[in-house]
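Read through the structures below before going on.
Here chain A shows up in two complexes: once beside chain B, once beside chain C.
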Partner chain A sequence: MLKQIQQYLSVYQSFVSTSFAESMNFRLHFVLLIVMDLFFYGSAFFTIEIIYNQVTVIGTWNKHQVMFFLAFMLSINQLVMTMTSEAYWRFPELLKSGELDFILLKPVNSLFLTFFRYIRPGSAFNIFFTFPALIYFGVKVDLTPLAWGLLPFFLLFAFLLQSAIDLLIATSMFWMLEGTGMNFLRMEFQQMSRWPDFIYPGLFRNLFSFGVPILLIGSGPIRFLFNPNDFIPFVAMLGACFLLWVLVALFWKKGLRAYESASS
Partner chain B sequence: MIHAQGVFKEFRLYKKEAGFKGSLKAFFSRQFEIKRAIAPLDLEIQRGEIIGLLGPNGAGKTTLMKMLTGIIVPSGGRLSVLGCEPAQRLKYFRQRIALVMGQKSQLWWDLPAMDSFLLIQKYYEIPPKAFKDRVEELSDLLRVSAYLNVHVRKLSLGERMKVELMASLLHEPEVLFLDEPTIGLDLLSQKNIRDFLFQYHQKRNPTLILTSHYMADIEALAQRVVLIIEGHKRFDGSINKFENLLGHNKTLNFTFAQQIKEFNFFSPYSPRWNAGGKAVEITVPEGELRQVASHILAQYPVTDFSTQKTPIERVLETLLNSPELLKET
Partner chain C sequence: MAKWFQCMKVVWSNLMVYKTNFILQSISPLFVFLFIKASLWTAIYKGAERVEIGGYDLNQMLTYHLWIMVVTLISIGAISQDLSQDIRLGRITAYLIYPFSLFEFHFSGFLARQSVKLAIALFTLFGVVLALKLPLSVTSGGWAILLALWAGLFWFFLNYFFGLLGFWLEETWTLGVMSQVITYFLSGAIIPLELYPLWMQKILFFTPFPYIGFVPVKLIMGSEVALAQAFAVLTLWIAFIALCGYGLYKRGLRLYTAAGM
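And now, the complex of A and B:
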């Protein structure tokens, strides 16, 4: 088991280095991606700023609480953009061109190889924006020492849930082959999850918390960090995370059986 | 080593009429048909054999290779490669096979080949010393040392194919599948690849399964030929047996000083005249060779002639045009 973890870490290290080398070939594109991500993050904070110029609270949260929530979600977004986002766009091409063939031949988990191989080093640089913002607003909302200790684990769980949802959507491309629609759906879900769950009406909130659990990604852990008695969404998030990863493994296996490869 | 029993593969194909109306109709009501790419097929391959898979385009050769490598799952039958069921894609199995596809690349396009090799080293957990030795050995054999640090997209097709081969051999596979490895290459590059594969096989003795439309590849490498036509295995035997499928014939080529107008004599021997009627190729039963050659040399203004056994291309061409000459195996 330890040997296998070492192997996967070593492979991932090579992904980072090859992706970095590949990205650096195209300097302007590399810089542009960093600037565009920063523009996106800045505009997200600016939107909240504008809203709180008109109101003092949204639901029960003040401006700093919503800003902390947003910084948490943008940190998740930044991890997704860095680690997996590129692969979701490339996956339909791998299926249609038959390039997935070579991935299936390698003695490494094919899900890992397909979705964690294309890293966007440009997005990684924005960690210097999202994580400081998370810490800054964490201080502003007076997080308890326990909450600070839990925060890195909650980021990990949120990333895992976000990835499970994205992967489940991506797996459907085995049957659909065309991925643009599914990628837009994935992005719409991400967009929805960047707002606290309480802004959505009851039926809608329940559907997107317990049906398609996108609202649990941020609201589950953040509500718990603000008020440990409000633990149900967080427990639901852990459950959803486990269940969805089981489904991902199942559908990936089914997808591979349905894969027909392209003619040569 | 490889054991297939009644293995077959069916694909579901989506049919659509041409044009906007056809697209609209297909959007609401899809028409599918089942195409059998490989009919139930039996195959036994021993360790160290070199097998040439022959057949026209769309015959099912690549589909068979993809089933043998575990890329696609057979619709039925039993398949075992290295004691494993390929579709299960066990790590043990994947560590021991490799596939080279002439029309697809496993290398990172925007990086030098060496970067891809380093990644492959990690995939297959090749120890650093062994990796270094193999890179040196293979790059010497293939004469590609100078290209290893050049971006793959900048390499010529021949150079790229050599580094593709290297990438597939770094983990020293026990079974190597080669799907048209020389496609699109010039004659010299084709020969280089063939020579390398021959030497590599002599040295390491892997099992090689090769498809190619260039019969020179098959003749140079394969000991045994499997012919597939429309998904059916139509021949499985030694290359000598394949060459003699049309009988023990010889091919005679004659060049004449002037255009031949009287050619009735040639008719029984399947003549192939060149456009000017000044050269002909005929197929003659071995027993009649002396008599036919003497007659032509005596009666016609021959300036040059040569004899050879029927080329494998000709055998294949004849069989593809008249598959009824073969019984299904």
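And now, the complex of A and C:
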């Protein structure tokens, strides 16, 4: 088991170094990626600032609580953009051209090889913006020492849940000819999850918490961090994370069976 | 004219083949965006001490965002990825010898997509007016649609310009996404511009952004709008960006190596 983890870590290390080498060949694109994300983060924070110039609370949350939530979601977004986002856009091409064949031949898990192969170093750079913002607003909302200790793990769980949802959507591309639309669907879900669950009306809140659990990505852990008695969404998030990864493995296998290998 | 129509027909049949793609890519984001904004503003008004925010009560705010969806359906289109990819892969070579230029090809594609989006926007507009019994003056509604179409033209030229940067850059999609983020933020698509700081509002009206969302919506909602100024500012921006695009194309062609042939 340990040996296998070591093997995967060394493979991932190669992915990181080749992605860095590739991005250094296109330096302007590298810089533009950073600037693009910064514009996005800036507009998101400024939107909340403008809203809170008019009101003191949304739901029961004050400005700093919503800012902390947003910083958390942008950190997840930044991790997704860095680690997996590129692969979702390339995946339909792999299916259409039959290049997935070459991935299936390699002695490494094909899901790992397909979706964790392309790293965006430009987006990785923005960790210097999202994480300090998370810490800054964490201080503003007076997080307890326990909450600070849990925060890195919650980021990891949120990233895992986000990835599971994204991967499930991506596997549908096995049965669809075009993947662009599904990638837009993925982004729309991400957009919805960037607001706290309490803004949505009851029926939709339940649907997007317990049906397609996108609202649990941020609201599950953050509500628990603000109030440990409010633990149900967090427990639901852990359950959803486990269940969806099982479904990802299942649908990936089913998808591979449906894959027609266009090149052969 | 027949060439233009044939090109448009190709785009229409493409849209028909990849219907789900078109809906998920161009239509559904606006509905999702509307749903998020409607939920958000409802939650905001629930907690607010005042009934009005920036001169809008809840119903007016929701109506504003409904019209924003209809207007941006026409004024904001796809990004420039295809063009820059065509340049990078040497696919534009054919247009150098065809009796139909690269610009004409892309513009006819734009017209075809725009006609579909206009039909959907008009259908939504009249559907909403009839279903919710919202007041709508035919004259101001007509001017608003015309202004949105004009803004759509600006959006096309802007994205064509970004696409042409493919002569120099490996990837240009980041510029498209950036322009989309900035446009949504500064056009009043997220928050009505009345809520922005006054100094910012003053500057914004010299840029094309308010005319992409905010101004057409105010027209539909029956507010007084300086129409001549709106068309003048937007026309100047269209002329400017189209000229830049023309210059860029001429310079780019000198660098073009027709790689991929």
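What to note about this one:
Please note the rule applied: the second predicted complex is superposed on the first by the 262 of 264 C-alpha atoms of A that agree within 3 Å, B and C clash if a C-alpha of one lies under 4 Å from a C-alpha of the other, contacts with A are read in each partner's own complex, and residues count from 1 in each chain.
Note that a contact is a pair of C-beta atoms (placed from the backbone, for glycine too) under 8 Å apart; a residue touches a chain by one contact, two chains touch by 3 or more.
Quick caveat, the model's predicted, so the values are computed rather than measured.
Applying the stated contact rule after C-alpha superposition, one finds that A:Thr47 touches chain C and leaves chain B untouched.
Within the superposed three-chain model, A:Arg257 lies in touch with chain B and out of touch with chain C [touch as defined at top]. In the superposition on chain A, contact is made by A:Ser14 with chain B only, not with chain C. In the superposition on chain A, contact of A:Phe39 is made with chain C only, not with chain B.
When the two structures are aligned on the shared chain, A:Asp101 is found in touch with chain B, with no touch to chain C.
Of the two partner chains placed around the shared chain by superposition, neither chain B nor chain C is touched by A:Ile232. When the two complexes are superposed, the chain touching more residues of chain A, out of chain B and chain C, is C. Chain contact summary for the complex, chain A toward chain B: residues 7, 10-11, 13-15, 17-18, 21-22, 25, 97-99, 101-102, 104-108, 110, 256-257, 259-261, 263-264. Against chain A, the residues of chain C that register as touching in their complex are 18, 20-25, 28-29, 32-33, 35-36, 39-40, 42-44, 46-49, 53-54, 169-171, 174-175, 177-178, 181-182, 184-185, 190-191, 195-196. Residue ranges on chain B touching chain A, taken from their complex, read 11, 62, 66, 69-73, 87, 89, 91, 94-95, 97-99, 101-104, 106, 108, 110-111, 115-116, 118-119, 122-125, 151, 179-180.
Residue ranges of chain A in contact with chain C, taken from their complex: 26, 28-29, 32-33, 35-36, 39-40, 43, 46-47, 50-51, 53-59, 176-178, 180-182, 184-185, 187-188, 191-192, 195, 198-201, 204.
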